[in-house]
């Protein structure tokens, strides 16, 4: 998933290695607390990384801490949303992008499955009707993709 | 002065100019008042010159003699602590060093902020201790005037507002910084007209003392 | 741009008409929350509110300005979002963006005011020559800025002053303020005024404030300068990624020294971050690429009142604005003259006293026994 | 007939204010450390005896008339004026409770020379008629009789005769062109006649030529103690006239502290010109003779001796090492008081306190500081070189039933001189 390697910092070549500003550790602690809540009560948490005062390299450092897991997914609605599981089960990176592949916001989601992957309850309520409609419409052949 | 930023800019601009002008006029007037009085000629045969012993006393009087230290250790130690703390915060805190550089073009290395922070906290405690001492010690009670308490309050508030501003404990920040600058300006304004003049005249006083004793062969 | 009445459809309906799926709407709400600097936990609330929101009519007035604020808005790094926002609000009048010209343009403004009386929003960029200034300093269609402003805000629901000029007077008001420039809040006293300061303001903040009004149907919480707290609640310094260097006392002392290369704090190079309230440190600029301090330049404090007159951009915050060592010396010299004169007088008096000093005699002393 | 008035007092205060005074008052921060150096405060515990407080009248005159701020205050009627009542109250503080020992001048952290200003304040006190009776009487006697104790030459002549009889030496009187003119103090003549004999012996031993003057034998200066330039200058002029008449190159001040500072340091300024001769304390002369090898001693004092430095000699005149050199010449078991030399403690009797009968209880209270110092080292005898100090030590020790005799250093040296015959024998 190449797009996820986009960083918040400048990609311009820099003389030295970016400094550690000490901003990643508090977020890792926040994730830890969120995991505890998830395991104990099932409460899900979303952290908006756009609201973090990150300096150059901080996001990469956070991503290195979290590692890469097995699941990658994408949602195509109003542009792409890219989902990457981290090496920590239940901790997800959710990258919301617009139609021009520019990032709208980047979340860390602590949940069994990120919300955007799940069908929305209203959609689910309409699921049977949707299926029936498609069967009616197509008769014997599946409908052409819209 | 409708808001915090206007307040800050007022303290950094016109008020600073006013304070500095009053300070400079007042201080130089005071120094002129002292020096123009002069001394009468001394016809007694001297044992030694005046300059060297005078200069020596300017420095040595900073340290209390062992007997005095023993008899007034609290007074001496607390006085020392807060004077040194105040000087460190005044001269070695980065923003202050920049202020001096900006005004006079003289620069020197400053201390890391956490060090100045700790020193400031100690200074505040020591200042409270001096007040308690002034309120409780019979001699200090007897000789203290309204001016002593006024000066204490101004000095304490200068340090306190600086501490609050550094820790951003007052919001918005321009109010915190403006209060600190304003307190410092009040200090500058009252300096030439109160005992705060000792910041400058102490060295003159010590020199006269050292010179008078030194002339008679005693290093005071 | 056709003159429209505020449509009856809610925002939710309007978006679904545009073919937006529920996942898409969820994403829209996540992005909106981020834009309004609200935590992700607010997303469900935002979704519910947005679903029921109605699009307002907006009239954008430009006065003594440089169009930087509009440039900033149209370069908002979330163009999809901006499109959405600009499509769902009804931008009924904007010099730079509207297609209409001449009398038709002014007609559009008056029509929108008439149709949405008491409900429309007025956005202002640029400062206004005050009522006492020469009205000819800045006019639109032969009408002074002041008159247009007062006429337009009369029936507005609220006024959003975009950019430091509109919010605080900005550059036109800088000393000596030749046009007698005033800010919106100087002139508009009987309507809610929201200031989105900055030179220019962060585009996301402009859209964020609009979205907030759109979403919740009311104005956001404001600070003492009428700025939305969500964006202006914390100083640059408090959110600066270089803050740990300040706390440790590590400073760049010139633009090319080791400290500058290591990305240390820029306080000594004149950074106004400690006294500047804005969201640059988190929202950043240019598609979230960077922001002034990240690119190695001190904060100028552009979102604060009088930032043009607040001392040199490269002078540290603690340096006084006007005082110089020469002035101090002059004052000192004056003091020496005053003090000297006083002392000379006192001395003269004393000399007379000494000259007329009566010596103590034994007889006088004996009298005392 | 003129009289002493507040107006004259204020004028005298004004005339005393100079640059050091202004620098001192500008610098005081009311830290109260001067109190910790004052025997009168320390032994009574009464804060009104804080040295800087004693200077309030002079300070008020300075602030009101010599500072811009004070003058501004005057415009608004905010000045606190010096009144007769105030000066009456301050009389006790400036005279009874201050021996002008100068210890406060040495410890003040901002460097204020408080003793210098006490001296100045007394000028105003005398001119305003607020000097203690005892000191007024002493001054009148000094001018009228030549001695603050009313002593006359004929009394001294008896002493001289006595010394000549017991030693077989001649005590030179009115001899012109000798090395030294020797001055005496009345207290010595009355209380410690041994001194004259000791000098005669030592100078004979060392081959020094000297003389007494019938024109002026008194070294002490009541004018300095009461704090009046006019009286003091008249007394100094007498010494100068006698020395000039006898054409001596050196004048010796006796074992008396204030007499030495008066003639050595203040005298030339009182008469407004340098002396045509030099002034020494007897201890300085003895030490010079010792250094030149002109004093040969034999035998050592073996009992535990300690020494009291007179303030006027040590702290206020820099004669500190000389008496120690002399002690080491004749004493085996010499132990210093803990704080000595320039940091010694006053006996409590100086600065006119001993001439001021009213101050008797305070004088005794202040002595307790010295007593504690002496107790700390527990000597068998005390040595000193000032008649006033010696009297105070003797009276004080007796008051507290401490059997510690006090001796004069000059006498002690005289007791150890190698006999002339023995020397000639070698």
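Assorted remarks:
Letters are used for the chains, namely A, B, C and D, taken in the order the chains are written, and counting of residues starts over at 1 for each.
Everything below uses one rule, namely that contacts are C-beta pairs under 8 Å (C-beta built on N, C-alpha and C of every residue); 3 or more make two chains touch, one makes a residue touch a chain.
Predicted, not measured: the structure shown is a model, and the values here were computed from it.
Set against the C-alpha centre of chain D, every other chain centre is closer than that of A. Among the pairs B-C and C-D, the greater number of C-beta contacts is found at B-C.
Inter-chain centre distance (chain A to chain B, centres taken as mean C-alpha positions): 59 Å. Distance from the chain B centre to the chain C centre is 39 Å, each centre being the mean of its Cα atoms.
One inter-chain figure worth recording: chain C and chain D are separated by 76 Å, centre to centre, where each centre is the mean of the chain's CA atoms. Centre-to-centre spacing of chain A and chain C amounts to 34 Å, using the average Cα coordinate of each chain.
Multi-chain contact residues, meaning those touching two or more other chains, occur in chain B at positions 26, 29-30, 33, 36-37, 192.
Residue positions of chain D with contacts to 2 or more other chains are 17, 66, 68. Here the touching chains pair up as A-C, B-C, B-D, C-D. The part of chain A that touches chain C in the complex is made up of residues 8-10, 15-16, 18-19, 21-23, 45-48, 50-56, 58, 75, 77-79, 81, 96, 98-100, 102-105, 107, 115-116, 120, 122-123.
On chain D, the positions that touch chain B within their shared complex are 17-24, 26-33, 35-37, 41-42, 45, 47-48, 50, 52-53, 66-69, 105-113, 116, 264-269, 272-275, 278-279, 314-320, 339, 342-343. Chain C contributes residues 223-225, 235, 237-238, 246-251, 267-268, 274-275, 277, 304-306, 309-311, 315-325, 327-329, 331-340, 342-344, 347 to its touches with chain B in the complex.
Listed in rising order, the residues of chain B touching chain C in the complex are 3-6, 8-9, 12-14, 16-17, 20-21, 23-33, 36-37, 94-96, 98-99, 101-105, 110-116, 168, 172-174, 177, 192.
Looking at the complex, you find that chain C touches chain D at residues 338-339, 342-343, 346, 349-350, 353-354, 356-369.
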